[in-house]
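Below is a structure I'd like to ask you about.
Each chain gets a letter, A, B, C, D and E, in the order it is written, and its residues are counted from 1.
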Amino acid sequence: MSRYAPIFWLVIFLTVPLWLKDQYFLHVLIITGIFIIAAMSLNLLLGFTGQLSLGHIAFFGIGAYASSLTSVGFDVELFGVVRVVHKPWPAVAGLIIGTALAGFCGFLIGKLSFKVRGAYFIIVTLSFAEVTRLVALNWVELTQGPMAINNVPPFTVGLPGLGYVALWNKAYYYYLVLFIAILAYILIARLVGSRIGRAMVALKENESLAVSIGIDVTRYLILGAVVSAALAGAAGSLYAHYVKIIDPDVFHFMYTVTMIIMVITGGKGTLAGPIVGGLIFGFLPVAVRSFASPEVQWMIYGVFMIIIVFVLPQGIVPAVTQWIESFRSRPPNDTGPALASLATSRKED
Amino acid sequence: MGQASTNKQALSLEHVSVNFGGLRAIADVSFEVQDGEVVGLIGPNGAGKTTAFNLITGFVRAFAGNILYHGTQLNGLRPHEIAALGLVRTFQRTSVFPNNTVFENALIGLHRRGRSTLWDTILALPRERTSEKELADEAWDILRTVGLDMRASEPAGSLPYGEQRLVGVALALAAKPSMLLLDEPVSGMNASETVKFMKLIEAIRARGMTILLVEHDMRMVMGVSDRVVVLNHGQIIAEGTPAVVQRNPEVVQAYLGRGAARA
Amino acid sequence: MLEIRDLVCSYGKVMALKGVSLSVAKGQLVALIGANGAGKTTTLRAISGLLKPRSGQITFNGHDITQAPARKVLSLGIACCPEGRRVFPHLTVKENLEMGCYLRTNRVEITKDMDKIFEQFPRLAERRAQEAGTLSGGEQQMLAIGRALMSRPTLVLFDEPSLGLAPNLVERTFEIIKNIRDLGTTVLMVEQNALAALEMCDHAYLLESGSLALEGSGRQLLDDPHVREAYLGG
Amino acid sequence: AAQSTIKIGMVQPLTGAFAAAGTDVVNGAKIAVDEINAKGGVIGEKLELVIEDTKSNPTEAASVTEKLVVRDKVTVLMGASSSTATLAVMPKLMEYKVPMLVETSSSSKITTAGNPYIFRIAPPSEVEAAVFAKIVNKIGIKKADFLVVNNDWGRGTADEFTKVLKEKGISVGLVERMDQGAQDMNAQLTKLKGSGADTLFVTTAVEQLSLVLKQAAALGFNVRIITTGGSQNPDQLITNVGKAADGSWHLAFFAPWAPDATPSPAATKAFVAEWNKRGLPYGSLTSSFRGYDGIRAIAEAIKIAGKAEPEAIREAFWKVNILGLNGPIKFEKDGPKGQESGQSMPNVYLVKIENGKVVVPKI
Amino acid sequence: MAEFLQHLVNALVLGGTYALLGIGLTLIFGIMRIVNFTHGELFAFGAYFVYLFAMLLGFNFFIAFAIAVVGGCLLGAAIEFILLRPLRGADIETTMLVTIGAWIIMQNTELLVWGGVAKAITTPFPETPLVIGAISVSPLRVFVLVIALVLIGGTYALIHRTKLGMGMRATFQDSETAELMGLNIRGIYTATFSIGSGLAAAAGALLGPVFLAAPTMGDLASLKAFAIVILGGLGNITGATIGGFLLAIIEELGAGYISSGYRDAMGFLIIIAVLLVKPTGLFARAERIG
């Protein structure tokens, strides 16, 4: 069953627009999907390299802004000397540039994380996000500041000669998000299931020991940060072109919190964790909305979070995995971070 | 019990000093280790032995002096770069990846041996699979060498102390060092286990590995070392074959104590 | 003085002790030896109240301390010098010693005891104001022993006190432990250095994978062929 | 069988940073709905508010709009308080072709974006500035500074007022900004104190205004403070800061403390009476009237349309012409041709606080 | 010059409460290693406590202040007891998530109870500022600074000069061994969290009257408190105190002389810069490897 589980879920997700007629649900699913991509990227950093970034939304926002500006165009004067004018490019170019720029910022933060770890890293990332937010807010000439960039164009897809379709339609957009999500999943799965993933876990668990056997800290932390940031940037780009407006509120701390909730309740350091956590916390607000007043909705949200942590401190996915394993009455195998890397060893014994 | 045959210099420290704030933990120390040699580094607690290890493996910076390994200057290199030169250490405190299985520990240790590149991994190219297969095979080899193959699927952190030390050694061996620095490998082992461990050391050295050993168990040090260097207060107070050093009155006074004869 | 009956302890599913009974008489130095993972540390943890036994009973001077919290155990007069030193890394040497007598209040007496410790371990006196985490392994071990003595216990539990010590210090440490016994404090000591432990103890127990395998005087165990084979290196 | 109702979607911030403003608007709207329903409703049907919380967050605003239109099948909306939330909602209006009445947002982008489903009763900053231009010479300003909240509203106000002042030949000195949640404005005030201007325009929500007045007083900063924006309630300022509010001037859109100065005194009195009866905070009146006026405009549009259908209501909005608490509500075209949004031109009052009382100065 | 001095005085007064927030959090975040998001909420609760007792129930302002501090301690103890105690030994992210949950619940409780409109608190202090030359400062703010300094001094003494303080430090370095030394470590955990929370509530109770009590006032306070703790080095009370004043000075001068729009950015930029140069904060200590 477990081997076919991904295929089963893939089929479900692929057919959603066919049987889900409620446009509102589809909308929620798209937004949730975008945040799941962001949560998956955070999970790479938090669950595998062990670096808790409280500023992950910065990469998301940078991706969103870069992508919007690429496709909307801008005209700024730098330091009162150089004037930079950019004519609008297609939205897809925005996606690429947004991803790349976010990845580059990830590189810078990764460089930094070589120097600061743990609690200090948490605050550096938090500060970084605040600084980007304040720049977006105050550099009005470029970002329009609090006035927001609106009319962000939708993505267009198509082939030269066959014409192009703008993705106004929700179902199309859903498939775009799903496609990127699958790519992200595969990328992360390949990374963590390899030598690289083991190196990351080793650094997380005991850094001195890891470097003493020749693992290059900088390289893997930076690699993790770059991939993670780039994916978050891609999610940000998807977001901007979907909601069609972007303002400095996109850097709000609550978004980072949302991603962290998704990752940890789902199970950090597991591939499926952010997806499960993301779906739950993407739809929870929708579910409670129907019967509770706004403040109470939030309280239910908070209480639910605490309950999950209390009942399943490892997260939902590890708990379920353990349960299934015990069900099969096999000796309890480790469900730890480098689960994927066990694949080879199981075949041996 | 020497078989220090080749006389090629492996590691050499030249007038090295290390300071911690006002404290001079290593003071103008010079010594050499030849290829294939087993050198014991002993001295009272706080003499600076672990600090010397930290220094050689790049965890602390030298305040003065030069460290060379096969002619390469180690000063300023980062720990993983030094490990890449073939110089790998174990730690005085138990050091394993506790949440990973013993097998995974070995795989992690084999990190530098993987041949696949980032692109191989991301695109799932064939080289990735062959490389992973080779690593798994080697991991089994190493576990058999240190005698932990029966424990392969247990989380390293749940093993008893003594076996965790073996995992530490396995990790170090996996990095395929040309020189191994062992910091008190048998502390916490009983006499019989120590004897077993000495056999392991012999097996390792038979493969041509150079070893620098810090240990307070005199039976072990005197039994396996070709040469012994004695540190006290960050300075070398004696150097020579185990037999000579053991009789050095200064060493007896500062380190061995009256019961030295028993060792 | 200390009486343990049918002690069973487990970590999750792992059974670490499978019914151990032993006793320590007043004024004795009792050694507990055994291979790695035999359950020695577990026994000490159960006595000192850090681990709640599954079943069995521990009594000390007539008090049942099977389920007592560590605080209670300590106040009855049992101090423990834990495995792996476990000094407080960011407290100074002096503060670490003060932690050893946290439950005591008489400042004068405390100062006197501390001076005594410094006398025994001049190295610690030198480093009185240094953070314990920066001490070398051996220095930390001395500190841990000193700290255990600061509570003026009637029974001290030592878990591998010689671990990581230089030979001369090992001797010193064993002397100190003997000395402690001679001054009237009862000692229960776990040691890997079976030879030394058996030579100095009044009574010894051998633990093998969670059960008692042998007991007797130190001499008796030293002469036992199984012990010689497995623990003294032939 | 339950009587069928006409559903009006309310997209408002009820939690988060703008919770206070959103809650006020909803409360005002409820009074209007109750009043209309008591009289038998509109076109024979009762009105029903479907209220959704934006959590003070633009994404959420877009989401709940989707929900209101798709799930609840509302035919007209009112929202979404902050300008960015409104801007985020706007594409949804185009997508589903549902009109929305904008009661609070002031960004000029809203009506110029070419969205024909937008009808706004709140005055954008340039309208406020234009009204102010008529009286500026009478109050005698030589040099003015600005202290504005760092969002579209504050920045927009600073820009528009600067334009007007410069046209009148008045020099403009510093433009200082404060973050939305900031509580300590001493740094900005200290700097402004040194600038030598005689008038300080302050634009922000009532909480921050209170802090500015209090801190200016504590710094011994005696400058004529004129607040803009219309949501600030001078009464609340008096409660919050006491004497420190004396001598400050305020541009208001609604004057509950002087019902007779409002366009329809009877309506104002009735609204204030009902508000007090419900035990709602007096200080909130100056924002809650927006909700009240908004619902009345929507009801009127439905009445004119004769049916509760989005497209018909949109058409009908252009024909609305009623007297709200804040002057006539009548929409004029704004924005690109063929895609115009509606903008109503409300009243603006200048009041002053003297000896702990709100007075309408004679100028 | 007068302007510069006025900026410095402003910073000094603000710095006192920043420092108070910082040392409260350094106990919890720096020593207990709990990324505590309820800190800002306790700050807000402090302000609302004063509002409730002084304004609604008519207590004397100073008594209301004392009640707020005690209330903050009790609330902190309750949070620790109910939410954190069962999670002892869990990793830093797990406990963080629980405090985030608590933060959301607390903030919305405030919103439900008090509504979104900010509340003003009046005090017995005269409104007229004290004027010294070109500098003026309100008497209330002087009071705030003095009380803040007293509380900071008291906390320092508690942690570094008392046996309980030593017990606290020991517990968070190695709780099991501390237990072995006879400490009631559960009690120590609760006490430490409670004291840290009480300090946050004190900061809120002091600033509530200076500013206003609002449900979201805690959010920025939380962020700043984290920044201060890091600036000063984890668990370092002196560091947090200096960090608090430093942050206030940077913000004040940054807003005064560079750009008020970037006021909050200054503080965060400085943090990034400091950590780049000195990765363990300004007042770091060495760790030993191997």
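Note that a residue touches a chain if its C-beta (ideal position, glycine included) is under 8 Å from a C-beta of that chain, and two chains touch if they have at least 3 such contacts.
All values reported here derive from a predicted model rather than from experimental measurement.
Student: Give me the step distance from subunit B to subunit C, shortest route via touching chains only.
Tutor: 1
Student: More C-beta contacts across A-D or across A-E?
Tutor: If we tally the C-beta pairs in contact for A-D and A-E, the bigger total goes to A-E.
Student: As a test of understanding: of all chains, whose mean C-alpha position lies farthest from that of subunit B?
Tutor: Of all the other chains, the one whose centre lies farthest from subunit B is D.
Student: Return the chain whose centre of C-alpha atoms lies at maximal distance from the corresponding centre of subunit C.
Tutor: Farthest chain from subunit C, going by C-alpha centroids: D.
Student: Report the inter-centroid distance (CA atoms only) between subunit A and subunit C in whole Å.
Tutor: It comes to 51 Å between the two C-alpha centres.
Student: Whole-Å distance, subunit C centre to subunit E centre, using C-alpha means?
Tutor: Using C-alpha averages as centres, the distance is 43 Å.
Student: Distance-wise, how many Å sit between the C-alpha centres of subunit C and subunit D, to the nearest whole number?
Tutor: 75
Student: Would you kindly tell me how far, in whole Å, the mean C-alpha position of subunit E lies from that of subunit D?
Tutor: That pair's centroid distance is 36 Å.
Student: So which stretches of subunit A touch two or more other chains?
Tutor: In subunit A, the residues touching two or more other chains are 137-138, 208, 295, 298.
Student: If I count partner chains per residue in subunit E, which residues reach a count of at least 2?
Tutor: 108, 111, 219, 261, 264, 286, 289-290
Student: Two or more other chains in contact with one residue: find those residues in subunit C.
Tutor: In subunit C, residues 134 touch at least two other chains, as defined above.
Student: Residue numbers of subunit D touching subunit E in their complex, please.
Tutor: Those in contact with subunit E are residues 15-17, 19-23, 150, 176-179, 181-184, 186-188, 190-191, 193-194, 207, 210-211, 217-220, 236, 239-244, 281, 283-284.
Student: Show which residues of subunit E lie in contact with subunit C when the two form their complex.
Tutor: Against subunit C, subunit E makes touches at 163, 166-167, 169-170, 173-174, 176-184, 285-288.
Student: Which stretch or stretches of subunit E touch subunit D in the complex?
Tutor: Residue positions touching the partner: 2-3, 6-7, 10, 14, 108, 111, 115-118, 120, 122, 127, 129, 131, 136-138, 141, 207, 211-212, 214-217, 219-220, 251-257, 260-261, 263-264.
Student: Touching residues of subunit E toward subunit A in the complex: what are they?
Tutor: 29-30, 33, 35, 83, 86-87, 90, 92-94, 96-98, 100-105, 107-109, 111-112, 219, 223, 226-227, 229-230, 234, 259, 261-262, 264-265, 268-269, 271-272, 275-276, 279-281, 289-290
Student: Within the complex, which stretch of subunit C touches subunit B?
Tutor: 14, 33, 35-37, 84, 123, 134-139, 141-142, 160, 163-172, 192-195, 229-234
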